[in-house]
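What follows is a set of notes on a single structure, which appears directly below.
Naming follows writing order (A, B, C, D and E), and every chain is counted from residue 1.
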């Protein structure tokens, strides 16, 4: 029942924050958000499952309550945690709390609404990562959009309205397409499933012969079409090239804490769903189309990195580099190896922490300098040594410096995809994608050199000083997490591989 | 007895004439009158086929139609009068404050 | 049989003619009169179709009620010369 | 069980009777005190009456009156009327909407003349709707349709000194009159080929129909469809809707766009399913399923696209209402002969209508509230409204997102279940069109939200009052919209059960 | 005995601790964390020596100590472990010794000069040392890679130490980027090793060199996934991929361009980078997995050729430089070229030997240069110096010792090691691998240039008349500068005696201590085994001019003669009271040399202009086409929306008409489909 308790608590906390006075809302939200952190850490501590949430085996904290019946299908409140979702839950709670703290400085207006929406979003994110019933999951999945729309639209930058609506409509289109694809699949299964429980559907889909004719579509065609629809739908969230263009706009306009959540957790929803749906339920299709999928992944990596290189705005740089990093995840997923899929999952966490750290740092710099343009700054390390140091650490983390989480994730993915038996020319794809680590180093080093180093030169009519402690503290915490995960990836990796193995085992059956 | 189909033709003709009136005339009252014609066209059918089928269902329905047509005209005229009061006109194409 | 056909044809012609008159007449007043004609000829059809009661109702309700209402409305709105235009 | 055995059969019409009696009571009050502007009394009586009707309907629904479990539908007056689950379900929709409208009208109509007339007209229209949902013969369908329409014409033109209201009334009336003549003519054609008006008889007569008459029958069927298209504001009979909803007093717009639309669907569902069974119709080449498919696509596309570029919130809602008619039409378009999914599809449509009743009524009532404040009607006028009236704006946000199909609101489930059932019935292309339009709709619904919450207000307006009635109605609608997400189970299960009974 | 190895982790952790201390509380520590660093590296040095003694007693250590990541299923584990064998033990001592001396020297170079940011500096040094030591003791390729990368990070931190100026951050970025480019191939190589062998261990039965060897020998080939290639081809590919990292870090052509720029860092850092840590890492890596390279003649040939070419190529550039550190930088590149040449030529011992001697004399030279720079108030231009001999004798004499070693003059350490390098290349070249002869020739030619630029540097700096006021009255240096110089000076003189091959051959005395040292240790990691491997798989055989002895003597005489010739030319041109530039005599070559063969230009063009243009193009495409489509869809939707609403004209007659039209259209459509009109 701890999942229910956490989600319900977070909703209530959100409500309480809405009603809190603006001046105190930040502190209130922070204190309230500590409970989910503790709760998720407790769950992590108590976690002893070994199964995959969709393919069976041991699940942690599982609950099933029938909710309603529609068209012969049962919908349930069905939640549970496996090794794939557990790290993401911890990531969500930790990042939310840190984002809330990092919002203390930049968010001055309508604070109680802001923090309330953050908590509301957290509740829904927890739901996304725990729900095991399609509609329940979908409710949470879509509900995340609503607070995000406001968070970007109300507290964002100059083009926030455009960015917010673009994000909103784009991802909504994606959800709709995905929905049609998935539901077609469910109906194609006919009588072999009687509920919209994801495990039931996944297991039925992985069994040969359960999928029937759907309209004019043969079972094979239905699989392919549904896979494509879901791939598009989740790909937008990830985002993969070429459906990524909402991301830079949303990131640039969103206030820092929101960017942190967007990059840190929301993008992971896409990859999480890809793993849960496309790659778990339809492994045969994924493997049939391994080459185009891997090509998309590689293009995302390289193209995203080049886009990042072209940017002048620090936030846009980080935003585009997320496109690049998410490409690795896709590559890891399509590898269908333990290290590939496990590494992809690990990358979700690692990238969540690292991009969160970078966004936060850029935000702290912005708080001080009121600019994010690379060309406007120079020699900031002189005035903000600690922040600069953390930015350096974060950037190197992003570049895949060993003993930081990013390296572990990327290395797992590379090893996994290199040896992939599913993907033809796996070494070539892997090597091509790996070149991203050079480009990413290039643009981050250029950006750091121009902003942090050299003689200090920034015309402002106010003093630029070190950031306040409550701005720096979240950065330090994140950095510690990143290093901890880099030194000891087993903190999560063991449970991840436990949950990943079943996907691979039955995957070869087709 | 005249074949029922002929009445069908007749009613169709009246219906089309009424429709033609609605499409071409701009006076609200003519609009009303055209509608009356169309309703009558339906009634012709009902009564003709009532005989054909040998039941009074059609006749009964025709009676309802008349009553409702009367009510409709009453409402319509009320509306036309307030229209006239507001727009000083009964030309239906003049009332275009709302469009698009 | 023949008479019936002739009668049908005649009154059908009258009905259609009057109806056409209703929608084509330039003056609303004429239209109203012709509508009365059309309704009456329809009533004749009713009689031919052995629906005498309905014919009576047709005359009472339509010619007696509806037409009077319309006439009344025509009167009330006639002050405007543009009413005549089509 | 209870009713079946212990109450006389006619009491199954209880809700409609209560509504009619309430209307008469109002007339009595009015004749006792013709100049009464005692809103509280009038609105109170109306609300009590409608809530009583709603209660009875809900009770019957829960008790299983007219449903399979208690011996099937109850037919009255030589089969002219029928009470079954579906009619009760729809009666519940009509009465809920009407109750909210009455509560809101308490403030909206304050200090206006002819209040009693307003309330009684709405009540009469509601009665008509209740009968419409129960009608089992083309004759009762026509009569109750007119009983619904005629008060509506008057209600739209209720603000008789307001040019917009009058113009709206005129257009509504003219299109309505044209549509009802088309409808009647269609009925006459169907009668011509079948010799009956009772649905069941029509169905069996169509089954034995000579193929040479199928043209006449087909024209008749489609003309009848036209009549319902008018009532539901579907293309091509939708032209009245934007103007009528924009020009009418906002509570009336709410009533028309929610209840009246639902009524049109109620009767359309029954007529087409029972009188023109799909198998028979398709044999005759009268593929009304396809016709509704085309209409659904065109309607939702036209409604949403036109709504996307409106400047006036109320008119945007009007077009969105057309768009929603398109979604609901999926319920008639995703059917196929003898398919087991028919009940699901139709049930999903009905459930959507119920949720729509709450969210759309709420949205129009919010517009009424804004009109009451005299803020203005365009999106710009709404800028920064949330600072002044956060609760109401939060409710409006709920309505907008629910209309757009976002969780955690009822519209999410109803819309997605509708799409899902269409896919389940094999009509994935309908769902695809629906999805496209749904995405577009998110754009314009969020414009309202953006105006209220994101845009800066120009500070030129002051909100002078906090009308209790309007607020209460809006909150009820908002809470209803919210609760319909977790509590969607009974709704969808009931809807699909009663819809399946229709095919049984 | 085992006690020494139990403390091996501490060798790495001590400097790491000093890094943490300096970073955390360096501000409040005396000397900005220097003392902690000195203590830590001193401790590491002692432990290393202890470990070396343990190894000398025949002990080795190969132990996994930490599982970094373990797959649950049938996949391989990724681990950290320690491997202490003779090679590693030797390297441990070298690295910790030089790090220790550099720390001491920094007291004079940084603290006494009043630099700010000392905690950062010492933190960087500590991390740098720790990373390098970790790299040295790594027992598998993945761990090696990770510390290799950390070394890169530290070089970035330290080269860019003076971040408030323009040039150092830029140089740091370049160093990191260029080596990163190499590391990219390295990483692909690491991944390929895992994918191929399922392990990346260096030593032991299941190590990847052993598995590769077994595969080539036709045993147990089934476990190995060679991705459809012939095993040897695939091993060559993998080896070359790993070599990418080596080329980058060890500044071999064409990735050498970062190294001269890296002189922007503080001079002690340069000493550390060039002598013992970063640059040495590349060569050390090849030596570490020599058992793998020895299986592939192609890889060996490429290594040798690249090495030889780099040796010559860098030496030629060294002759025209004006700054003392620039000359040293190019000499570093050149000397590492020799080591690569040796490795490629099958001279595992020779390479290790040169690595060791070079570490000492190059550290010495850099520290000496640092001393000069202190004296010259941070002016590095040799043309501003002159006549420093009298004013700073300790520096002069030690620097001279280092220079003699660098130039390869008998009997200084460099002579012995370089001679052995060239001898191995020659012998194996004669033995049937003619490619090696070409590499040998280049290496030999480079000897001449080495002698020339080395003594040009010495003469310009220390001899003649002082050419500036500063040079006339230089700043004094303290004990903390002189002591490291003295230690290293002694080592530069004597280090060569551990392996005097020509003497051994000549006299028959058993004095090839390094041979013996490297010949024992873990099975499969001994020089003898490597010799067998190169013989068996690369076909390396030893050929002689005449007899073995004549070849040895010929080779030694040849290189000594060339070195002396170069030194003599420098003496003639520059050992004059007022030397002048002679570069004009080189004609157009001068421009070429001054511009470093335009290597920087094309690389900068690639990394900057070309990449940026691609990026800009991608951005344009993204904004214009991809986002344009997205925005276009919305514009088109809204535009069609604005058209659609025009249907609603407001005129009710039109509505009626459209309504009728619509109904008729529907009737016709459905009717035609249903066949009503037939």
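Just so we're on the same page, a residue touches a chain if its C-beta (ideal position, glycine included) is under 8 Å from a C-beta of that chain, and two chains touch if they have at least 3 such contacts.
Just so you know, these numbers come straight off a predicted model, no measurement behind them.
Student: Please report the smallest number of touch steps linking subunit C to subunit D.
Tutor: The fewest steps needed to get from subunit C to subunit D is 2.
Student: List every chain that touches both subunit D and subunit E.
Tutor: A, B
Student: Measuring between Cα centroids, which chain is at the maximum distance from subunit A?
Tutor: C
Student: So, comparing C-alpha centroids, which chain is the farthest one from subunit D?
Tutor: E
Student: Which chain would you call central, comparing Cα centres to the global Cα centre?
Tutor: The chain sitting closest to the overall C-alpha centre is A.
Student: So how far apart, in whole Å, are subunit A and subunit E when each is placed at the average of its C-alpha atoms?
Tutor: Between these chains, centre-to-centre, one finds 37 Å.
Student: Roughly how many whole angstrom separate the Cα centroids of subunit A and subunit B?
Tutor: Roughly 64 Å, centre to centre.
Student: How big is the gap, in whole Å, between where the Cα atoms of subunit C centre and where those of subunit E centre?
Tutor: The separation of the two C-alpha centroids amounts to 107 Å.
Student: Between subunit A and subunit C, what's the gap in Å when you average each chain's C-alpha atoms?
Tutor: 75
Student: If a residue has to touch 2 or more other chains to count, which residues of subunit C qualify?
Tutor: none
Student: What parts of subunit B, by residue number, touch at least two of the other chains?
Tutor: 18, 22, 24, 26, 32, 43, 48, 80, 92, 95-99
Student: Of all residues in subunit D, which are in touch with two or more distinct other chains?
Tutor: 170-171, 174, 178, 182, 242-243, 440, 443
Student: By the document's touch rule, what are all the touching chain pairs in this structure?
Tutor: Every pair of chains meeting the touch criterion: A-D, A-E, B-C, B-D, B-E, D-E.
Student: Okay, in this complex, where on subunit B does subunit D touch?
Tutor: Answer in residue numbers: 4, 8, 11, 15, 18, 22, 28, 31-32, 35, 38-39, 41-43, 45-46, 48-49, 52-53, 55, 57-58, 60-61, 64-65, 68, 71-72, 75-76, 78-80, 82-83, 85-87, 92, 95-99.
Student: So in the complex, which bits of subunit B are touching subunit C?
Tutor: Within the complex, subunit B touches subunit C at residues 1-2, 6-7, 10, 13-14, 17-18, 20-21, 24-27, 29-30, 32-34, 36-37, 40, 43-44, 47-48, 50-51, 59, 62-63, 66-67, 69-70, 73-74, 77, 80-81, 84, 88-91.
Student: If we count contacts the way the header does, which residues on subunit E are in touch with subunit D in the complex?
Tutor: 634, 637-638, 640-642, 644-645, 647-648, 650, 652, 655-656, 658-659, 661-663, 666-667, 669-671, 673-677
Student: For subunit D, which residues count as touching subunit B in their complex?
Tutor: These residues of subunit D touch subunit B: 138-139, 142-143, 146, 150, 153-154, 157, 160-161, 163-164, 166-171, 173-174, 177-178, 180-182, 184-185, 187-189, 191-192, 195-197, 216, 242-243, 246-247, 315.
Student: Provide the residue numbers of subunit B that touch subunit E in the complex, in ascending order.
Tutor: Residue positions touching the partner: 19, 22-24, 26, 92-93, 95-100.
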